[in-house]
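As written, the chains take the letters A, B, C and D, and residue 1 is the first residue of each chain.
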Amino acid sequence: MTIKVAVAGASGYAGGEILRLLLSHPAHESGELQIGALTANSTAGKLLGELMPHLPQLADRVVEETSPETLAGHDVVFLALPHGHSAEIGRQLGEEVLVIDCAADFRLTDEAAWGHYYGGEYAGSWPYGIPEMPGHREQIQGSKRVAVPGCFPTGATLALLPAVAEKLVQPDVTITSITGASGAGKKASVPLLGSEVMGSLKAYGTAGTHRHTPEISQNLSEFSEEKVTVSFTPVLAPLPRGILTTATAALQEGVTEEQARTTYEEFYQDEPFVYVLPAGQQPQTQNVLGSNMCHIQVEVDPFSHKLLVTSAIDNLTKGTGGAAVQCMNIALGLPETAGLPRAAVAP
Amino acid sequence: MTIKVAVAGASGYAGGEILRLLLSHPAHESGELQIGALTANSTAGKLLGELMPHLPQLADRVVEETSPETLAGHDVVFLALPHGHSAEIGRQLGEEVLVIDCAADFRLTDEAAWGHYYGGEYAGSWPYGIPEMPGHREQIQGSKRVAVPGCFPTGATLALLPAVAEKLVQPDVTITSITGASGAGKKASVPLLGSEVMGSLKAYGTAGTHRHTPEISQNLSEFSEEKVTVSFTPVLAPLPRGILTTATAALQEGVTEEQARTTYEEFYQDEPFVYVLPAGQQPQTQNVLGSNMCHIQVEVDPFSHKLLVTSAIDNLTKGTGGAAVQCMNIALGLPETAGLPRAAVAP
Amino acid sequence: MTIKVAVAGASGYAGGEILRLLLSHPAHESGELQIGALTANSTAGKLLGELMPHLPQLADRVVEETSPETLAGHDVVFLALPHGHSAEIGRQLGEEVLVIDCAADFRLTDEAAWGHYYGGEYAGSWPYGIPEMPGHREQIQGSKRVAVPGCFPTGATLALLPAVAEKLVQPDVTITSITGASGAGKKASVPLLGSEVMGSLKAYGTAGTHRHTPEISQNLSEFSEEKVTVSFTPVLAPLPRGILTTATAALQEGVTEEQARTTYEEFYQDEPFVYVLPAGQQPQTQNVLGSNMCHIQVEVDPFSHKLLVTSAIDNLTKGTGGAAVQCMNIALGLPETAGLPRAAVAP
Amino acid sequence: MTIKVAVAGASGYAGGEILRLLLSHPAHESGELQIGALTANSTAGKLLGELMPHLPQLADRVVEETSPETLAGHDVVFLALPHGHSAEIGRQLGEEVLVIDCAADFRLTDEAAWGHYYGGEYAGSWPYGIPEMPGHREQIQGSKRVAVPGCFPTGATLALLPAVAEKLVQPDVTITSITGASGAGKKASVPLLGSEVMGSLKAYGTAGTHRHTPEISQNLSEFSEEKVTVSFTPVLAPLPRGILTTATAALQEGVTEEQARTTYEEFYQDEPFVYVLPAGQQPQTQNVLGSNMCHIQVEVDPFSHKLLVTSAIDNLTKGTGGAAVQCMNIALGLPETAGLPRAAVAP
């Protein structure tokens, strides 16, 4: 069997990360998985080597225009396009093709939330690609369509899901997620210049305005009797990759740190990509760099009676490209961990 | 009149920052203020130029041993020593000497909190050096002893004080403060190596364990009918200087963003070092680098019914050395803003 | 007397740095120097506070269109415009106005070099603003026009001038200058995104193609019998500000390290902004951050028989804005060091 | 067949990198290669998970004391110890064991150079592990002992070897190599604190004093009729990993850029880990992060008549741990590229 894979949006950060992971995927090394069309819009016609010199194996590939034609004839198509471009392309790809969308187009199940945060026509929702959410792995297994989650929702959901699902906390959570700059993509922009980002810290998309807010709420509410209220503050920090999430919520009466820790360890005990750290160790983004892991710590603050959970992911790996490959593995029936590093590039 | 100033702990980051500011203080340029003894412990005997090449004007000064003798004969003594060393030295300095302590020794008014967080003998408390807290400027004016606040408490207190004092929020606040590495001081340490800090983010002193937690609570509670509960999570980020604080609290019924903004603008309207940014602009640590400013933004999150306040300071300037010089100016009757930059070194 | 100063290009990095320095200039604090028109092109009409929140004192100023009209009526005009825009504006400003140009337009004395590196019409040359070059301070004193040097030429010229002028080395020098990102200006650009710059190092403008190459050669050759051959390699590094220059050249027969050190110390002994470090200390860009200093070290490599000189400057201060203010001070007969920090913002 | 591998110095950066690579080595994934003893000195007795949380697969391993006993019974022993500790341990390991030393102990063939730069007893030299140096791959194939090169010598040798061996340049080279902080190892140290490194650039080990200088000269001289004179200046820059080398040398009469490019492309045409970039692209350390690649660009500067070569490596991968694994692969007869990424973690 041969699996032919195309990547639309191959010259962006998400596309590049998918390619990096596919290149060392055992199915690629055995020749079973082949990297087919690499497409983009503004960079079509260029050599990938000019755009992505970190992938020397693909340096001679020519980037093609993103279109149903160039994407035809593949078994798997990754869409790593700007928000709003996946819906139409997605519709034009055959039902037998596995389509994995890294944009927001098919993430939200609530049309009103879509309208408020994204506007434009609502395209519906696809099976949502956090396999660690109970039931989701199974949905992905049977599907030819997967919506890869946003990077912030991945870090926040994995941090808070056990607490919400197991009723450790009240359904009102406060999240500050600090991110590296690559989350903003590879677009020329003054506020994202190195000179503006290095040596600086800045919140943005504050007070409920960031588009990942309803996605976090959707994920947590799926496992809660009441809709979970989310206060979400993203902060841009001077590093290329990584998201550190700090999340707090008022404890349900009587919950102890030991209970909380046990709940987390049990919740994730079979998950290959979630590592609940031993007591006393804090997640550090460096320790997940380039890996598909989420490191988590859970504590009880006895003074404020709050649960504190911290999590670290690489926004481009577990937060995007790694999650996309993990979903591909599940949907194709390959070993879920194939091609996905658990060891990180530290320091 | 001549003001002779000594700095104890001159080879650390706080000491260096005090010296940087004193060197461009108009009273120094006019000759009125003289920089006298520079003392330290482990570095005594060395030239300051070896330790602090960024202060070429003082390169030929020899660092002396910190002792009552070397500090004698000065009108002002800045203590920039590790926690626990100021109390004894402070006691041995004459009552006529203005002593400004940058350590924690005299910050807490609650002996039990001191015991829990610092241990050892409680030394009492001195007038607390956030002049922007109502009544504190007046206390400093009449005092020969000032306790300079911690860097995190400065950013968090200035962010939340109007909200608490004017009852915009309930007395239960959640704070994540992201800091540059210099806050940890100039001590050899593996976790603070450049290799460990760059490209990484990590929470520490979590779940109520950070020593600045009771100080924040003390400051806010001073202006609240009820003791203010504080959930405080500090995060280490890859930049040398700067603290960005994100603070949320549940709104009191009916408070609007307009009210909140007006409250903040009025609260700080006469403060030279607090800048409530126009709506739509977020504080950025780069924009306060090397300055004594605190930039603040205040918003209402309509979905979570929380107030979000963000603040940015330079932890070594407004967070330590600048606050120390500001307090010196007040206590000596000099213009409060003398020698303290309002413009920052950006980008 | 009142000195009215305009800054054209006020929303760029060079313009912002000039304003930062002017705001703490003693002549500004005394009211003698007034900051008049702030002009720009694409940002005209905006509040400076939106563009430069690090200068809160000027937050309410409206940026005007750059034109002879908006710049009229000032005693001093700083031109901080992109290369090629100063010539025309410069011509339209009255001869009695002190015009200080931060662009390349009037730096090169060789029309052929201009044509090769910049193209377009050659505008001639103005007195060149490195006052530390023998004779240049005097030229600036008598002039209403000054060309501020490029940032790389400043670091390289100060590093090599004594060696070339005093014949310590052969007239063939090899320079690698490593720079922070702000040298590239405040223009949206993918290769200058934080994601591309952080965690990375890259040479650019290599093999004689960088426009600062002829300027370095011009400066050194002015003090050499033979034209000095320059191999110049700039490297972009992940920091906002700072240039570290490493420069080597074959020693003239018999030159010792002691001679070299003495030559440098004597050459710069009266220069307030050049600090020849004691033996054993290396310049570090952090130690000149935000200051107008150039730190220098000079050594002899006994194995390769080469002189090694290293220098550190802040590219926006001594490398641009500080040099511009220093030249203004000289040209106006103010104290040369007024408003120019010698102490740096370290760490 | 089972290959049992021990790592001495497992808690340092080089040891951690070797482990990261071994964990994703196909021979490890197939069970053929087993990770045995992990040893260290000061950290013996701790769990590896506390020291290296980025390697979750090995979190439960206990670090043992480095000794002949703990290292006995392995087929391969990687020594990632401080300089001067390998010689004795190396002697005590059986001749049938493949010993790969990452320290300097067995790199230099010249006893006098050893004495000058390292002092202490000279231990002799082992086959030198840059397989890209003609003849070296063959030496490694037949050997049970390999000396892994220093990180700077790797970047500099690969940059200059074709030029020297093919007589493009005169045997007198000038090298500036800019490095991330991890090259200095995981030792507590004030000058390597994040606060000192971030936002700063500093040369060190200047003027022929850096220990890698004779190693570079040895490598280049091996392929030159005359001993190659090396001027080498290392610079510390604010990034965790990566070395960018800029190297210049006077051209031999008549050498053109086209000739130089062809020479380089042919020299490295069969090398899997050297990528001579297309004309117009510069090596960037980000593009080799975590990979075993060396990216190279070669140019002729027509003004200074010099060859300019730039190279980028990850100091911990191709510069240390990757080279060590590459040498293991060669010595064991495994595919040379097994387990060694060619794609990098960018951005």
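FYI, a residue touches a chain if its C-beta (ideal position, glycine included) is under 8 Å from a C-beta of that chain, and two chains touch if they have at least 3 such contacts.
Source: prediction; values computed, not measured.
Asker: Looking only at C-beta pairs that count as contacts, which pair of chains has more of them, B-C or A-C?
Answerer: Output for the comparison: B-C.
Asker: Would you identify the chain whose Cα-based centre sits farthest away from the centre of subunit A?
Answerer: Checked the centroid distances; the maximum from subunit A is C.
Asker: How would the subunit A/subunit B interface be labelled, same or different, where same requires over half of its residue numbers to be shared?
Answerer: On the two sides of the subunit B and subunit A interface, the residue numbers are mostly the same, over half being shared.
Asker: Need the CA-centroid distance for the pair subunit B / subunit C, whole Å please.
Answerer: Computed value for the inter-centroid distance: 34 Å.
Asker: Suppose each chain is reduced to the average of its Cα coordinates; what separation in Å results between subunit A and subunit C?
Answerer: 44
Asker: What parts of subunit A, by residue number, touch at least two of the other chains?
Answerer: If we look for residues of subunit A contacting two or more partner chains, we find 13, 182, 186, 193, 195-196, 198-199, 238-241, 284, 286-287, 289, 347.
Asker: Inside the complex, what are the residues of subunit C that reach subunit A?
Answerer: Those in contact with subunit A are residues 13, 180-182, 184, 186-190, 192-199, 238-240.
Asker: Across the complex, what residues on subunit D touch subunit A?
Answerer: My answer: residues 13, 16, 19-20, 23-24, 26, 29, 49-50, 52-57, 59, 182, 186, 198-199, 240-241, 275, 277-278, 281, 284, 286-291, 293, 295, 341-347.
Asker: What does subunit D use to touch subunit C in their complex?
Answerer: It comes out as residues 172, 174, 176, 178, 193, 195-196, 198-204, 206-208, 213, 229-231, 233, 235, 237-242, 244, 246, 248, 282-287, 289, 297, 299-306, 308, 310, 312, 347.
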